[in-house]
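Heads up, the next two complexes both have chain A, just with different partners, chain B and then chain C.
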Partner chain A sequence: MILPGNTSCQGCPISLAMRCLDEIENPVLVIPAGCSTVVAGLHPNSAMKIPVIHVPFASTNAVACGVKKAYDQLGIKANVIAWMGDGAADIGFATLSASAVRKDDLITIVVDNEAYMNTGTQASLSTFWKAKTTTSPKGKGDERRNLALIMIAHKADYVATATVGYIEDLRRKFRKAGEMSGFRFIHLHSPCPPGWRFPSEKTIEIARKAVASGAWALFEYHQGRLRFSPVGRRYVEKENRIPLADYLKSQGRFEHLSVEEIEELEKVIEEEWKILRKLSTD
Partner chain B sequence: MDLEPLISRMKIGSAGETGSWRNYRPVVNKELCNKCKTCFSYCPEGVISEDIEIDYRFCKGCGICKEICRQKAIEMVPE
Partner chain C sequence: MWDLQGDLQTEGYRNGSRIRVLLTSNEAIAEAVRIARPEVIAAYPITPQSPIVERLANMIARGELNASFVRVESEHSAMAVIHGAATAGARVFTATSSHGLAYMYEMCWWIAGSRLPAVMAVVTRSIGAPWNIHGDHTDIVLLRDAGWIIGMAENAQEAFDMTLQAFYVSEEVNIPFAVGIDAFTMSHTAEVVELWNPRLPERKQAYRVLPMDKFAVNAVTMGKARMKARYDLALDLENSANVIERTDKDFGNHGGLVEKYRLEDADYAVVMMGGWCGDAKDAIDALREEGYKIGLLRLRFLRPFPKKAVKELGGDVLVVDRSNSDLRGVLGIEVSACGIEARNLVAGIGGVDVGVEEFYKIFKKFVDNKIDLGWYL
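Up next, the complex of A and B:
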């Protein structure tokens, strides 16, 4: 759904994710400011083959809700997608939450590159604990927020986490969300070469290492059931995982971490897995 | 109100011929390639066709195709 020759950086996960939108029938994008805005095209050119509405940060889900209602009135079957980065999910959290509570009939996709990349890598609530950003030069002081769990707490109709590291799994989740109705939420892990400081050819390898080390859990929540996705299921058990250091040390933003700090991070990640395992019906 | 000037129109090469950004050019070794199409699936720019032909006008040379190739059939050659 995206044309070549767009403005994305080399190795950009967002551009790759936008290609996968062809799994969704009749998509209409609503995009707040962020990398995705730029990737979607600079006026008067659009890189997208589908309608895109650019909106202010905090209004994203509110606009998407209005657009969906308008299409319904016109009798047009459209899959309206609120497509935002983790920054817009911070800034527009109130409208996102309200939209989930209203059960708006739309898809929300958060392409999470774990910082405000478009403005120069400032820390967001999704930024990994202890990761270096331009606003946390010694490493971020707070733990990251788990958006997918928050959406489960909203009793969303469909919640999934995905990664650009496993395209088939990602496409399946896009397809599934597109075929359903109700409030659907996909949290997409998107390793960013310039922001995380790794070479552009490593995007997929790092995305896969995040899954293999347990730093990114792949699951789906639907009809009250949380299930781990097949590609990531073996990493639910800690003994099957690769060392977290393998994932962290392949990125410049974690270069400064000591062995003790990595152990602390491992503990925090395991706490998140404990919650997920309790919720899981597998 | 005339909204026309506010609307962007779709264009291949919305950022120009992005092939000029490239430092390394991916070159496919046709003898090693078994057409598994993994590079086609993972190319962020969508410049690899299903027949594994690369559109060098727009390929930015990120190197993901080289990394993802199980046959090691893609080599990055300096421009």
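Up next, the complex of A and C:
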């Protein structure tokens, strides 16, 4: 799906995730401004083996909707994919919401690296609590928001969280989304070496630590059922998790955190898990 | 609401004959869109545009028009949806006004830069602050630098004809086309309109994106690529004048880029655009009767700008604007950029009514050499 020698940074989770798009048949990618724009290739080249429509930052789901509606009218089969960063989900939030409410027949994939990376690591609404970014130099005060839960509240046809740390699980979710119809949403955790400040060979390791520490929950929602994904299921119980500090302290953006702050964060994370456990049908 | 469906199905109508009905310019545009048969329509309500898309939604609901109507949450998304649909090869339409146009502005640049054919009706209305829902041209001039063809009709008939021509021209030159009409005085005022079907060709466009194509559109450019694309667009926009002029006779014979009204022997020329030109013509008739050699150059298009017709103007020139940039009007600036030393009056902002009597007074002052630059307040 994506050619080697592309313009991504070393250890980039985006190019890793893009490789997995071969699970989806007849894909047409719609990509707004962000690192994915660059990774997909600079004119006149394209790093992708599939069609790519580059679009303005806030417009992804609306353009994707238009593409799909036109294909439907013209009798053309396709899996239109709105592939965006967490920042594009911020600025395109109303558009994403409208698309979900309309049940647009497309796959939305939010590649969440927890900041506006392409413009130099400014804080987004997804930026982890207390993480340092260039616009939160003392650590971000606000909590991150949970896009997947918001999409469940929209009664989306399929909602999944995934991570580049577990590629098999990620591929399965891409495949599943590709085989379905309706509004499909995948929130993809994507640790970013330069943005989070960790060595580029550690992307997978950090991504797995996020899951093992409970910082990133893996689940699927389909036909009214929320189920934890097998690879992450044991971390639903707090006692099975690694200490949150193991995850946070392997990243420069959390260097400044005190033991007390990390304990505070553990509580906040546990609150999120409480909601998920309540919703789960496992 | 008029139910034109029956009439539109008649054999005679399909064979190019005409039916006469009473329609507002909003309704006339919706009827033209029905005939153009777009596949995807997306729009967001705003006064005074809403009746256009409401009428289209009704046609679709009643099965008279086979289009997808996408109810979006904003004008930015309305333009984004038709941008996507056009990329995939569909004939597309949207409509907006004022704040809606400002809100979708980013997307207007993208659809033009992408060289996608598309048609949008702009029911021109003041932009805040303060709030004002009435007519002027401050919104449509926003589009001026975005790379669109921008027409401005004078009456419901022209609104109908221009909308059909818009689909044709846009798809011929791969440039989006905005059809302007004035708020209320046109959008909500009924006139007799002759409806007819010019039988547009099938949708055509320079490219479209299909599944399995290994094709990226609008990727990051470096070096001269973006400048070259911008130059090509500017050049093709300029040359679209030829297509507009050539097909004018097929779309109502309104004069091409301009309408020249009593200009042949005029010592005084007024330059204006939009619905109020009807009143200006009455005032000119009155002055002609008094022996003043005055005429009107009605700009039917802001882009491509009718430079040739403006440059040919002899004698004294007065530009009456419904939008401004600094103290000058936007048309005033455009006309002076053609090397014409024009006087310039800004009037009718925020729906301030300027009728035949006012135009008579204004033009009288002009021929008496008493207007230079000013605001008609």
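FYI, the second predicted complex is superposed on the first by the 282 of 282 C-alpha atoms of A that agree within 3 Å, B and C clash if a C-alpha of one lies under 4 Å from a C-alpha of the other, contacts with A are read in each partner's own complex, and residues count from 1 in each chain.
The rule is short, and it goes like this: contacts are C-beta pairs under 8 Å (C-beta built on N, C-alpha and C of every residue); 3 or more make two chains touch, one makes a residue touch a chain.
On a predicted model such as this, the values are computed, not experimentally measured, just so you know.
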item: Chain B versus chain C as contact partner of A:G41, first or second or both or neither; value: both
item: Touched partner set for A:T134, first chain B, second chain C, both or neither; value: neither
item: Which superposed partner A:S181 touches (first chain B, second chain C, both, neither); value: neither
item: Which superposed partner A:R19 touches (first chain B, second chain C, both, neither); value: first
item: Contacts of A:L74 with chain B and chain C, given as first, second, both or neither; value: second
item: Which superposed partner A:G66 touches (first chain B, second chain C, both, neither); value: second
item: Residue contacts with chain A in the superposition, chain B compared against chain C; value: C
item: Touching partner for A:V28 - first (chain B), second (chain C), both, neither; value: second
item: Which superposed partner A:A94 touches (first chain B, second chain C, both, neither); value: second
item: Touching partner for A:K49 - first (chain B), second (chain C), both, neither; value: both
item: Residues of chain A that lie at the interface with chain B and also at the interface with chain C; value: 41-46, 48-49, 52
item: In the complex, chain B residues that touch chain A; value: 6, 8-18, 21, 41-47, 55, 57-58, 60-64, 66-68, 76
item: Residue numbers on chain A that touch chain C, as the complex places them; value: 26-28, 30, 37-38, 40-46, 48-56, 58-59, 61-74, 76-79, 94-95, 97-98, 102
item: Residue numbers on chain A that touch chain B, as the complex places them; value: 2-13, 15-16, 19, 41-49, 52, 167-168, 193, 199-205
item: Contacting residues of chain C [partner chain A, same complex]; value: 39-40, 42, 66-68, 70-74, 76-78, 80-90, 92, 106-107, 110, 209-222, 225
